[in-house]
Amino acid sequence: ATVTIGSEAALPPLDPQRTTGSVGLRIAGAIFDTLIREDLSKGGSGVPDIAPALAESWSVSDDGLTYTFKLRKGVTFHDGTAFDAQAVQTNFDRLLNKESAVFDERASSTMAFLTRWIASSKAVDAETFTLTLKEAFSGLPRLLSDRSMSIISPAAMEKYKGDELGFHPVGTGPFKLATLEQGQALTLARNDGYWRGTPKVETLVFKAVTDPTALAIAMQTGVIDVIPSASAEQVTQLSAEPDLKVQYTDAANFYFIRLNMKAEYTKDARFRQALNYAVNRDFIAALFGGQAVPRGGPVPTGNEITALAAGTVKEYNYDPEKAKALLAEIGLKAPVTLKVLAPNNGPGFGLSPQLMTLIQQDLAAVGVDLQPQLLEFTTMISTERPGYADDVHGSYNGWVTGAGSAYVFERLFASSQQPPKGVNRGWYQNADVDAKLATARSERDEAKRAALYVDAAAKVAEDAPYLFLYQDRLPRVIRSNVKGIEAAASVYIDFSQVSVD
Amino acid sequence: MNAISTSMDAVRPSPVLEVSDLRVSYGSTLRSVHVVNDVSFVVGRGEALGIVGESGCGKSQTMLAVLGLLPASGRISAGKVKFEGQDLAALSARQFRSLRGKGMALISQDALSALNPSMTIGTQMAEPMIHYDGMSRKAARDRCIELLDLVGIPGAAARLGAYPHELSGGMRQRVLIATAISGNPKVLIADEPTTALDVTIQAQILRLIDQLRRELGMALVIITHDLGVVAGVADQVAVMYAGRVVESGSTDAIFSEPRHPYTRALLEAIPKLDEPADKRLTPIAGLPPDPRRPPSGCAFHPRCRLVQPACREQLPALEAKDAGNGHLIRCSVDPWARSNMAPVRGIATSGGVS
Amino acid sequence: MSEAATTAGGEGTKRSFDFGRLFRNGTLVTGVGILAVMMFVAIFADIIAPHDPFRANPIARYLPPLSPGYFLGTDELGRDILSRLMYGARLALLVAVVPTVIALVIGGAVGLFAGYAGGVWDSIVMRIFDVMFAFPGILLALGISAALGPGLSSMIIAMIVVTIPAFGRIVRGVVLGVKEELYVEAATALGYGHLRIALRHVLPNVLAPVLVYGTLQTGRNVILAASLSFLGLGPQPPTPDWGQMLGGGRMALATAAHVATIPGLAIALLAIGFNLLGDAARDLLDPRMKRDRD
Amino acid sequence: MLSFIARRALQTIPVIFGVTLATFLLSQIIPGDPTDILLGPGASEEARAQLRQALGLDRSALGQYLLYLQNLVHGDFGQSLTFSKPVSEVLASRMMNTALLAFAAIVLASVLGVAAGTFAALKPGSLRDRALTVVVLFLNSMPSFWLGLLLILAFGLQLRLLPVSGMTSGDGGFVNLLAHMLLPTLTLAAWSLAAIARMTRSSLLDVIGSDYVRTARSRGIGEWRIVFFHALPNAMPAVITVIGMQMGFLLSGAVMTETVFSWPGIGLAMYQAISTRDIPLIQGGILLLAVAFVLINFTIDILYAYFNPKIKLA
Amino acid sequence: MTNLDTRSSIRVDDLHVQFPIRSGFLRRPTGAIRAVDGVSFEIPAGSTVGLVGESGSGKSTTGRALLGLAPASSGSVNIFGQDLAALKTERGALPRIGQLVFQDPYASLNPRMTVGATLREALVYHRIVSKADCGAFVQELLDSVGLRPELAARYPLELSGGQRQRVAIARALAVQPEFIVLDEVVSALDVSIQGQILNLLMDLQKKRKLTYLFITHDLSVVRHVSNQVVVLYGGKVMEIAGRDRLFAAPHHPYTHALLSAVPVPNPQIERNRARIEVRAEPPNPIAPPSGCRFHKSCQFATEECRSVEPKLREVEKGHLAACHHMQSATVRRALGAGIAGVTA
C-alpha cells in the first residue's frame, strides 16, 4: 500500500540538522530516528511523553551534568553502516567539533539551541555514549527528541558534504529514500528490517502542492491521503467529504506580536497590557474559522505546565474599556503609531495580512494606529535577528518548535536569550523571571520545577512582553482508510505506525 | 489599321457580354449608395469596348460586378449580366468560378499588387491549369513558357521561378496579361492596364493587348481615364460620369462628334499633342460628385456650362436622340444635335467650345 | 480665376462631426460606457459604497452574494465586497493609467528622438530597448517589484520600466514612417528647423496611432498590475485592490468562490473597457492601422 | 539568406550582453543579505565574512560583475539558497517542464488561434465572426491567473474531471501527464490564442481584400485554394511575428500559471525564489528566460525571412 | 544657349547625385545609385523648363537637388547668381528663393494642420508678415490660388485632391519664392481637374514672374506649359531644346520614341501612327551600361554607341542632343516619318 502525504510547501533538502521548517522535519521523521523520541501513539491533549528510541535508556549524573545513553544494538543505517556510539559521536562532531572532517557550520548554527548546553560528547564503548553539559539542564532529553537531532549515517556524512547530504538522506528510520524529485515529490520505500518492526505500508510519497485549494482538491480526488497541516478553508472544504476525517492535534504553539521593550510606548508595561486588552481574540478565532483558539497568555495548551498554569497565569480577555483606561492612565496623546513587522506569507502565516487588518481595527478603536509592515518571512527574520531596532515596536511571529516543553519559556523570555545569543528579540528582561527560570532549569524535582515555571509564566503574563494572540489547533485531514495517525499533540506523525485498510 | 471594321454601317458582331441596367450598391438597403447606375453595354465577339471616365465614376465597380467579384459589402441591386446569352445570376458559384479565367479574364491596374508576392510567377500561372484543367506539371510548364513568349518576355523558361518583385513594372504587366489570356477567355477585361507604366511601356502593352485580341479573337473591355488610350484601342466607347454612362457609341463618332457636354468638356480640358501648344485649356469647373450625395437631376449639371433648369430636376435617359447608329447620349439639352444646330444660349458666351 | 468660384462650390467633405456614426459604433459605446461607469464608481465611491470597505467582521465572513445588506457578499474578513470593489476602482484606474501615461511620455520622447535623429543615436537607443524588451514584461516587473520591495510605488515603477520600451519602439517605428512623408520633406523645403519639424510636423502625426496603442496598453497594464498584486507585490493590505482581493479570495475558492471570482470579473471588465476603446479608436482614427504587434 | 542569419546573429550578441548586465544590476538593488539565508540566523560573524568572500560579495560592483560574467561563461549561475543546489541544476531540471508547458501552449494557441481567425475572416461580419470577436476580447482581457482559478473551479472542484496541480500523480504515464497539462496549457494559451486569432483574422482580411486575391479569383481559382494557398501564406509573416512574441510572453506567463497550478517549472521556482529572496535563482531564472526570449526572436526573424521572398533572396 | 548674365537664370552644371547603397554587417556603403549623372541645363528667369523622362530617370532627384534637398556629389547649381552651396549655409535663404510642389497632394500636406495653420506657419517662420497681419495674408494667398477663404479652417482630409494641390501651391507661394520646382503636380489629379491647376500655374507665373522647373512624364502637358524641354534618360540629359523645336524635330531617338508613344485622343491619328519601340528595360542606375545609356533600347545603335558615351552637342542654336548618329541621314529620315501627323 502507498500513502501520499500532501505538503503545503516545497520539499526542502532532507538534512535534518540543517532544516528548520516543519515540512522538512516531518519527512525527516520517516527516514531518521532520534536518540529519544516523542511517543505519538496516544491522542489527547498534553505534551507527548518521551520514549527510548536509538537510546534504549539513559541516566543522569547527580550533578545533572553528565548524561549517559545506552544505545540500541543491532540497528543498521539504510546504507548498511552499523549504528553504534561512534556513529552518534560523529553526528555530534558534525555540530561541535570544528576540527572534525564532518564539521558543518550551517548545521552547527541551526542546532545551537541544543549544542549550547553541551560541553563535550564521548563514545565510551560501542553501546555507551555520554554527553557532558556546561550546566545542569533537565530539559535535555526533550531537546534530544527534537526531529532535527536525527542521527545520520556517518558514512553518508563523510561521503556527501555540504548541501549534498540533503539529497542523500541516510538514516535508521522506517523508510528509506527511493526517488527524489527536487522540491516537488519524494518517494520513500519501506525499511524492511526496521527495529520497531516492519512498517505497514510499502511506500510513502510526499508531494508538494503549494496552492491550498489545489491541495484540497487533490485530497478530494484521492491523489493525496493526508494533509498534515490544513488551513481553515481546507477544513471547511473537506469536512463535508464522507471519506475524510479531520483531526485536531492541539500541539503546543503560540502566535503573538513580540513587543520591543526598548521602543517608545511599548517599553511601558501598562501600554503593553492595554494592547492585550484591546484585541478581540474571538474575531481572530473566527478569522481562522475555528482552527485557532484565542490565547491571551504565555502558556499554550499542550505544554508541560498547561494544567498547572490554568487559573494562575493571567489570560488577557477582550476589554477595550480597560485598555482605554490604561492608556488614559499613561496619558498618551493620540494618535499613537505602532510600527510592527509581519510576514506576508509562509506556512502558518497564510492569513497574516488579514490578521493584521483585524488587529489594526481593534487597536484603532482604542486610539492606537497599527502600521504593519509586511515582509517576506525570511526578510523579516533577518531584519529582526539582531533584535529590534528602536523604531520597530515588534513583529508578528509564532513559536512551534519545542513549545511543549516548559523550557520554551526560558528560550523566549530569559534575558540571557537576548540577541545575538537567542530569540528574545524584544529585549525583555525581568530579574525575577530570570532567577526562576535559572533555578527551574537545573531543578530535578518535576513538581518543583513545574511550579517554578508557572511562577515565571505568571510574571511574564503580567509584564506582557508580547501581545498574545492565539494558538493554532493544527488540524490534519486524513483519509478514513488511513490508520495509525493519532491526534497526539505534535505537528509530526509516527510514520512507522501508519497503515491502510 | 482597322478603319473599316468600325465604319458606321458595319454590322456589329454577335454579342458575348451584355450588361443591362446594372446597378451596384453599397450599404444597407435603407441607406444604400449606388456607385453604378443603369449601366448597359454590349460587347461583340472580337470587339473592343473602351470605358472612360474620371476616378470614382464607377468603371471598376462595373467590371467587378460583371465578374462577380464585388466585395462582401457590395451587391448588384438591379440589372442583368449575360455572357453568351446566359444570365450570370442564374449560375451556381461553381459554374461562375469556372467561367472566370476561361470565359472572362481580368487584367488589373497595379501589376505588383495583382500578383501574389509569395508565389513564383510560374506557380501562379500554372495553378488553374494543373488544378482545374487537369494538365500535367510538365504540360503546364510548357504552356506557361509559351504564354510568356507570346507576351514578349525574353528567356521565359528562366523567368518562371522568379517572384513578382524581381521583375520590372512592364514585365509584371506582361506576366499579368499572360496569366489573363492563359485560359483563352472570350472576354478580356483590362482595368487601367497601363496607368502605372511609363508612356513607352504603355504603348508596348497596349499594342500587345491589341495584337493578342486580334490573334486570339477575344472581345476586349478596356477601362481607362486616358482618352488617348481609348482612341487607339477601342472600337466602341462608353463615357461614364458619376456611375452612369453619359455617352456611348463608336470610337470615331465619340471623338469626331462628341455630343454630351461632359465628353466635350473632357476633351477640351486636357492638352493634346495635335493642337497648338499655346492654346489655353478649358477646364471643367468644380469636382465630380460624391456618390453618397448625388446631385438631383443630371449628375453633371453643377459643372455643366450649358445647364438648363430642367437638368436640375430630371435625369435624362440614355437615348439615341437623332445621332443614329448606336450613338447614345444622356442629355436633355443635347446642344450639338444635328436637328438642333442653333446654338443654345451659353455656348456663345462660354467661348472655348468649338 | 474663372474657375475659382465654381471650384469651391458644393463639394468636399462636411466639416461637422458625425456624432451619429460614433453612436452607432457599438465597440466605442460599450468601451466608453464601461470606463465611464468605472470612473463614476471610482469618483463617488465615498458616497455610493454601502459599507466601510475596511470594516472587518470575521463573524460574518464569506457571506454569499445577495446576502441582506451585502449585495456581493463578504470576504475572508467579513468586509463588504461591493464596497471594496468600488474603492478598488480608484486604484485600478490609477495603476492602469498613471504608469501608461508616464511610460508613454518617456518612451515616446526617447522614441521620437531616436527615430528622428536616426543613425548612431537610433542604434544606441534601439539596442537599449532591445535589452529592456528581452525581459518578458511580467518577469521584469516581478524582478523590479521584488527588488524595490512590495508596494504601490515600486509596482508603478516596475510597470513604467516595462512599458517604456514598448512605447519607445512603437513611436520610433511610426516616426520612421512619418519622416518619409512628403509633408515632412515639404517642411524641410520650407527651411524649418529640426525641432519645429519634429514637434510640429512629425509628433502630431505620430500621436494618433500611439494613443491607440496606449489605450490598448492600458488594458494590458490593468492585467499586469493585477498579476503583480496577486503575487503580493502590489499595494499592501488592507488597501482595497482588485488583484489583492482576488489573491485573498483564492484560498477559499472551493468554499466561497465569489470572493475570488468577483474581483477577477472586475479586472477583466476594466481591461475589456480599455481594449474596446482602443479598438474603436484604431478603427476611427486610422482604419489602415489594423495590425497590432502586441 | 545566410548573410541575413549571420547579421541577425551578430545583433543578438550585444543584446545578450546587455541582458547579463541588467540581471546583474537587478541583483544589486535587491535588498536582503544572502549570508542570512545561507547560514541561518545563528551563524557567527566570521563565518559570514568567510561566505561573503567566497561569494565575491566583498568586491567592487565592477569586480562582482566581471566575476558574474566569468562564472556564467563556466556555466556557473551561483548557488540557489532555497534549493541548496547550483542554480544551473535547479533551472536545468525545470527548464524542460516549462518548455513543455510553453510549447504545448504555443502549439495549442497557434493551431486554435489560426483556425479561429481564419474561420472568422472567411465570413466577416457574420454571426460567427462576431461571436468569435467577443470570445477573443474576453480572453484578451482576462488575467491568466483568474482564468486558471476559474478552470480549477470548474474542472477541478465542480466536475472533478481533471487534476489541478503538479505534473503527475500516482504512477504517472503519458495520459496522466496529459491530464495534468490540460488546464495549465489552456490557461497559458488563452491570451496568446486571442492575440493570434485577432492577428490572423485581420491580416487574412487584408490579404483577402488585396488585389492579387481578386486577380486569383478572376482566374477561376476556387475559394478553398484562395484561402489556403494564396491568402494564408501571405498572412503568415504577420501571424508568425505575433506567435514569436507570444512565445516570449508564454515563458513569463508561466510564472503566473505555474504558481496557480503548482507546475514544477522555472516560473514556480522563480516565484518561490522571490518569496525567499533567493537572489542567484531569481537572477539565473530571469537571465535564462530573457536569453530564451532573445533566441526565440532570432528564430522567428529567420522564419519570417523564410516566408518573405524579398528577404530570402537578399 | 549660354546666358552670360547669370543673375537672370538658374544654371545647373554637371550635376551628380548619388545615393549610397549600404550592406554587410557594418552597413558600409558598397555602391551607389547614380540617380543623376552629370546633368547641365539652364532655366532663364521667368520661363518654364520642362523636365521629362521615364520613371527613375532622375527627374525628381534633379529637382530636389536644385533646392538642396538631395545631396549633390559634384557639379554646381547657381540660382540667379548665387551659388547653391553658399545659399544653403544661410538659414532660410534658400527656401525663400526656391520652393517645391509635389506630385501627391494627399501626402504633401500635414494632415494634422489646418490649411490656415500650414500657411501661417510658413509666413511667420520666415517673417514674411507679422503675426497680426497673418490672417489677411492667408486670405490673400488662398484667393490667389482660387480657394474660398473659409477653407482656411479645414484640414487636408476635408479637401479634394485639386483643392489640396492648390493649398500646396499656396504654401510654396507663401514665402514668395522666385523659383518653383513643380514635381508631377498634375499627375495624380483627375483629367477634369488637371486643366484647372495648369491654368492656375500659368496665371501665377505671369502675375508673379515665377521661374518653373516643370517635372512630368506627360509630354502633352510639357508641351503645353514649358518654354524649353530637357529630356532625361538614366540620369543623363538626352536632349534639350525649345518646346516647338523639340516636338517638331526631335534629334534623339529616345525623344522620338517618347513622342511616338504618347497616346493622342484622336482615333484617326492613333490608328495611323508609326511607333518606335523601346525594347529593353531602363538602365540600371547602380551599374549603368557603357557608352550611350540608351543603346540597348535604340534601334539605331552601333558599336560606337555601345562603347563611347555621346556628348551633349549643339544641333543648332538652343538645341542640344547627345547622340552619335543624329546627323545621319537614315536616322533622320526614319525619325521624321513617325512625327508627321502628330504635331500640328
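Which chain is which? They are A, B, C, D and E, in the order written, and residues in each are numbered from 1.
One rule holds for everything that comes next: a contact is a pair of C-beta atoms (placed from the backbone, for glycine too) under 8 Å apart; a residue touches a chain by one contact, two chains touch by 3 or more.
This one's a predicted model, so the numbers in the text were calculated from it and none came from an experiment.
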{"item": "Common touching chains of chain C and chain B", "value": "D, E"}
{"item": "More contacts between chains, C-E or A-D", "value": "A-D"}
{"item": "Distance from the mean Cα position of chain C to that of chain A, given in whole angstrom", "value": "48"}
{"item": "For chain B paired with chain E, centre-to-centre distance based on mean C-alpha positions, whole Å", "value": "31"}
{"item": "Euclidean distance of C-alpha centroids - chain C vs chain D, Å", "value": "23"}
{"item": "CA centroid of chain A to CA centroid of chain E, Å", "value": "92"}
{"item": "Where chain D touches two or more other chains at once, by residue number", "value": "31, 149, 152, 157, 259"}
{"item": "Multi-chain contact residues (two or more partners), chain E", "value": "160, 162, 196, 199"}
{"item": "Per-residue multi-chain contacts in chain B, two or more chains", "value": "283, 285, 287, 303"}
{"item": "Interfacial residue positions of chain A with respect to chain C in the complex", "value": "211-213, 216-217, 231, 233, 236-237, 283-284, 286-287, 344-345, 350-351, 353-354, 356-358, 360-361, 374"}
{"item": "Complex contact set, residues of chain C against chain A", "value": "54-59, 61, 76-78, 150, 232, 236-238, 248, 250-255"}
{"item": "Chain D - residues contacting chain B, complex", "value": "124-125, 209-222, 225, 229-230, 233-234, 307-310, 313"}
{"item": "Residue ranges of chain C in contact with chain D within the complex", "value": "127-128, 130-132, 134-140, 142-144, 146-149, 219, 222-223, 226-227, 230-231, 243, 246, 250, 253-254, 257, 260-261, 264, 267-269, 271-272, 275-276, 290-294"}
{"item": "Touch list for chain B against partner chain E, complex", "value": "1-3, 54-55, 168-171, 198-204, 206-207, 225-232, 251-252, 255-256, 265-277, 279-285, 287-288, 303"}
